[in-house]
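Read through the structures below before going on.
In what follows, chain A forms one complex with chain B and a second complex with chain C.
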Partner chain A sequence: MITRGRRLPRWTPYAVAGGSLAVAEVTEKTTVVSGRSGVVLVAVATYLVASTAISAGVEGRRRCIDRLAGTLLGAALLMALIPLVLVLGYTVAQGMHRFDATFLLHSMRNVAEQQPGGGAYQAILGTIEQVGIAAALAVPIGLGVAVYLAEYGHAARLGRAVGLVVDVMTGLPSIVAGLFIYAFWILLLGFSFSGFAGSLALAVLMLPTVVRSTEEIIRLVPHGLREASLALGVPVWRTILKVVLPTALTGIVTGVMLGIARVIGETAPLLLTVFGNPSINADPFSGAQSGLPLFIFNEAQQPYPAAIDRAWAAALALVLIILGLNVAARLLARVASTVNRR
Partner chain B sequence: MAQRIEMSGVHAYYGSTLAVEDVSLTIQERHITAFIGPSGCGKTTVLRTMNRMHELVLGARVEGKILLDDEDLYDPGVDPVAVRRTIGMVFQKPNPFPTMTVYQNVAAGLRLNGARRGRGSDELVEQALRRANLWDEVKDRLHRPGAGLSGGQQQRLCIARAIAVEPEVLLMDEPCSALDPISTLAIEDLMLELKERFTIVIVTHNMAQAARVSQTTAFFTIAGAGQPGRLVEMGPTATIFSTPSQKTTEDYVTGRFG
Partner chain C sequence: MRGDRAFRLVVTAAGIVVLMILAAITIFLIVEAVPALRADRANFLTERHWSPDENPPRFGIAALALGTLMTSVLALLIALPVSVGTALFLTQYAPRRVSVPLGYLVDLLAAVPSVVYGLWGLIVLVPHLIPLSAFLADHLGFIPVFASNQTYGRSVFAASLVLSVMVLPIIAAISREVFLTTPVEQVEAAYALGATRWEMIRTAVLPHGRPGLVSAAVLGLGRALGETIAVALVLSANFDISVHILTPGGNTIAANIANAFGDAGTIGRGALIASGLVLFAFTLVVNLLARAVIVRHRNTLGAPR
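Right, the complex of A and B next:
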């Protein structure tokens, strides 16, 4: 016979949590524990001990362990979410002050740092152009390398060497990528500062992320699908193009987004290659440009409240661009796969 | 256009392990040949050497000669892609393309080979699905994902996909192991119908099925774990199931194996 065993009522966790909080408050009043963080710590510890003890007493060993594990995992989730929510929330709260039409549609030309007004149009434009060009360079190359590594390179010595290079590049500090383009493109070849020089540095940084994440996804495509296609007499290249890549599409899109997110906030390489510019320069191929990270870096250094507000608004713009790109990419992937389905 | 396959002295390796040893046999044209034998004896491996799928496994290679109507399949001048186009295959596990609809799956062989979205393709798809005994079940959901079908339906979809390109030889690796008796019978009817024009090799663990559909049966076995599989004997199905020349064959077909 299966005995159901005694179970604690559903509201137990809430009751225990409330109790723990009360205990923590009292502890703060009566002992050396002080401050909000002290209270939270004591409350969490009390909760763990109390809920485990109560559960062990009433429900038995297995359910008690289950509860403990659940609590610990939930706590880990919270710990991970807290900084995320705080960063986003604070950025939104601070960024709202200046996130207006003027900010989005005007540049800093003829605006002194201490003045209110002015905007980040030139920086938003610059970032979109620089990251767009970087993606246009890094995504096709990265996808090509990933296909090579996943489909052909697993056995070849060249494949292993390329894999090693990609791994080393993953750890490349962004300032080094910037220095490299600065030394090579600007000093050696003699080009001027430009958005494109920044794109080159960003592409160098993006490439390994795109390669590694898309390679993993391509490897995950079941072997049976490749065989099914090959057995129909379809050549390998067409199998990759028509079967493997479409199957991996959503993952590839995620990989590309990871690559973009990796570089869109990079400041150091842009300082050396794009330089920064308070005025609008829509041409990424000549002359110094602005970019959101550069804009934030510059405004946040100013001792004026108006400038600090602009820095926050630019940070919000950056976050929103990343968010928008992610949503757009996901929609695109979904549309592409439903088009396939018709 | 049905074609005959002749293997002589074929050894198949996975890396350095010899999986199948010294197989010589002839697959008659317009015949159904059944491969039977215990699990792991190399039936799938032998089957895959015939359409050059074996070499797709990393490190796998084939020694010996395999002729398709006097043409050496492993001649350096032979294009493996052309071989696979001529010799179709249905796999043990159903593997429809997940990004494609039922319709696209069936048309995949034509489409992936670069055929334009032709007029005849609707009829071809319907005909292939009817032959695979799947049409009635999917005619209302042709444009839904192929992966949304049941396991048995998926397998019939894969059969439809394989026959839609009209191969001259069809290799079927336990095509009915996921099917109910009705679909199994339909597939067997299909095989009997296809055999008028095509050469068919079927791997099966179902003795009754081998007895029902095949004219020739080949019995493979393996001496023990780690040993290579080998062909014990091959002959008319009636003979193999009643008076085989080898004791091991008799033990196996009468269920006294092991």
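Right, the complex of A and C next:
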């Protein structure tokens, strides 16, 4: 039984961990094991063996397995967080080299790839325009679909079909969205590469995110509110526009922001629709443009250190925008939930 | 109620637009792919090489499709234990005060754009992988999978590793939700019978969550199949079919589209659209599969997303 038998004191794991580290340090001094990664590996192995042996001796087999499982699951969490720390850490550390006024305010016009200097102004401008237009296209349609699914579509056959297609489109590879707009807008209709073509592809990718998050929020609006409005003789459509949507507004804004954060880093569709451009092209409706993700992709493939530095700086700019959007969306969601609870 | 009818018409039209977009994707990809497929002098399904702009054009999906499946399945194998372990730890071990912020951090992995993962993979990870690859090839080289006679970082293994990081938050998020729906009675019943925490997880949490885990893994696979930019940056592409994951080998459909598009001619771009159609079919099947699993177990999983 679980309540009987000897148990190890609470501080055991810390003591074993300390001991394992000491063993690893000694191993590094005396044997072929070398370097930080070697020490960590030896320490982890020693910890697993030692804590399992001690626990098996004192607490018995079942508690020992329980302890081992807990350790391994905790290790899984650490392993999941290591890449996050490494990727963000490198982006900040390497991005700082070139994250300056020149970088933010100048383009790559007349700058050869091996030269230092140059900047991502044209890319930042392009990204803002492309994502802005994409949101202007996807948000109204997405909102309409969400209202349809939440208010009308539950029972209808068409509603189920739309729900299924939205789910399928959530898993649409971004490159396929790019190919679609290339095949339709550029090959078939004969338009040229442009920021707007990129916006179309991004809108296709943004649509399912906006639909799903806003639909969920609209469903959360209390039925009492709708019924009160209907009982006063307000027609259904005015109830939805004047009561349901305003109540859900902060949630909708959160959903839109997460949708923007989701597509602003997309590179693949832009490659096939916007194409990339080292010079400033402020007109999203004609001619190839640049974009932050495209700029990173292009610079990362250059064999020159100056280009790699520009890639990191652009990555830092992109990550800062995305993190900003995510944090703002979370804060907004929190504010909204405390207001609603009152 | 003229207003009601008009409003209903407008939002229903929005729903129909969504259906039309999916139909349009299918139709226009097929329309633009057919001329290139007609011009192909090789068998599209079995040919390995990709030279659509030569005379006569010869190209096929065989090496690309296999490379796509191999990198994605390998990424899934790496990511699955880590993400399920993460989800179990966050839902069953960590106190709520810690698990919520840690959960945000894991979700943050999904917010980092793929081009940044690609940049990090190419500049940071690949050089660091060379010693590990050499070690694996030296000591485990007798297993065919690890056999390699060169030390090279931009391998299938490196690409799968980067992919696994990108798949991880998706699987972790879905499994976390699934584990949270475990019926409290079952948890308490297991404890009442004297189970340790791990025995409770094995007898209550995991059996209950199995269908959810399957669909989480399938959705993760779908994400890995379509991932483009990170693979295009990290993998050094060729058109061999080999199981040696430590050598530069293979290519994926999505990465090939990104790399070959800029220089492709008319037939070349049609050929890329044809390969995109195959990728679209792959992901469509995978996503429908994941949805089917969820729908079949709707009663046991609580509210489906």
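Just so we're on the same page, the second predicted complex is superposed on the first by the 234 of 342 C-alpha atoms of A that agree within 3 Å, B and C clash if a C-alpha of one lies under 4 Å from a C-alpha of the other, contacts with A are read in each partner's own complex, and residues count from 1 in each chain.
Basically, contacts are C-beta pairs under 8 Å (C-beta built on N, C-alpha and C of every residue); 3 or more make two chains touch, one makes a residue touch a chain.
Just so it is clear, the model here is predicted, and its values are computed rather than measured.
Of the two partner chains, neither chain B nor chain C is touched by A:Gly117.
In the superposition on chain A, A:Leu149 contacts chain C only, with no contact to chain B. Of the two partner chains placed by the overlay, only chain B lies in contact with A:Pro222; chain C stays clear of it.
For chain A, the partner touching the most residues, choosing from chain B and chain C, is C. In the superposition on chain A, contact of A:Ala311 is made with chain C only, not with chain B. Once the two complexes are laid over each other on the shared chain, residue contacts for A:Gly287 go to neither chain B nor chain C. When the two structures are aligned on the shared chain, A:Arg238 is found in touch with chain B and with chain C. In the three-chain superposition model, chain A touches both chain B and chain C at residues 235, 238. For chain C in complex with chain A, the residues that touch the partner chain are 1, 3-4, 6-8, 10-19, 21-22, 24-25, 28-29, 31-32, 81-86, 88-90, 92-94, 102, 104-106, 108-109, 111-120, 122-124, 165, 168-169, 172, 194-199, 201, 219, 222-223, 225-229, 232-233, 254, 257-258, 261-262, 269, 272-273, 276, 279-280, 283-284, 286-288, 290-291, 305.
The part of chain A that touches chain C in the complex is made up of residues 1-2, 62-63, 65-66, 69-70, 72-77, 79-81, 83-84, 86-88, 90-91, 94, 141-145, 147-149, 151-153, 158-159, 161-162, 164-177, 179-180, 182-184, 187-188, 204, 207, 211-212, 235-238, 240-241, 261, 264-268, 271-272, 293, 296-297, 300-301, 308, 311-312, 315, 318-319, 322-323, 326, 330.
Interface residues of chain B facing chain A in the complex, by the touch rule stated above, are 51, 53, 56, 58-59, 81-86, 88-89, 91, 93, 95-101, 104, 108-109, 112-114, 143-145, 158, 161-162, 165.
Taken together, the chain A residues at the contact with chain B in this complex read 154-155, 222, 224-235, 238-239, 242-243, 246-247, 249, 337, 340-342.
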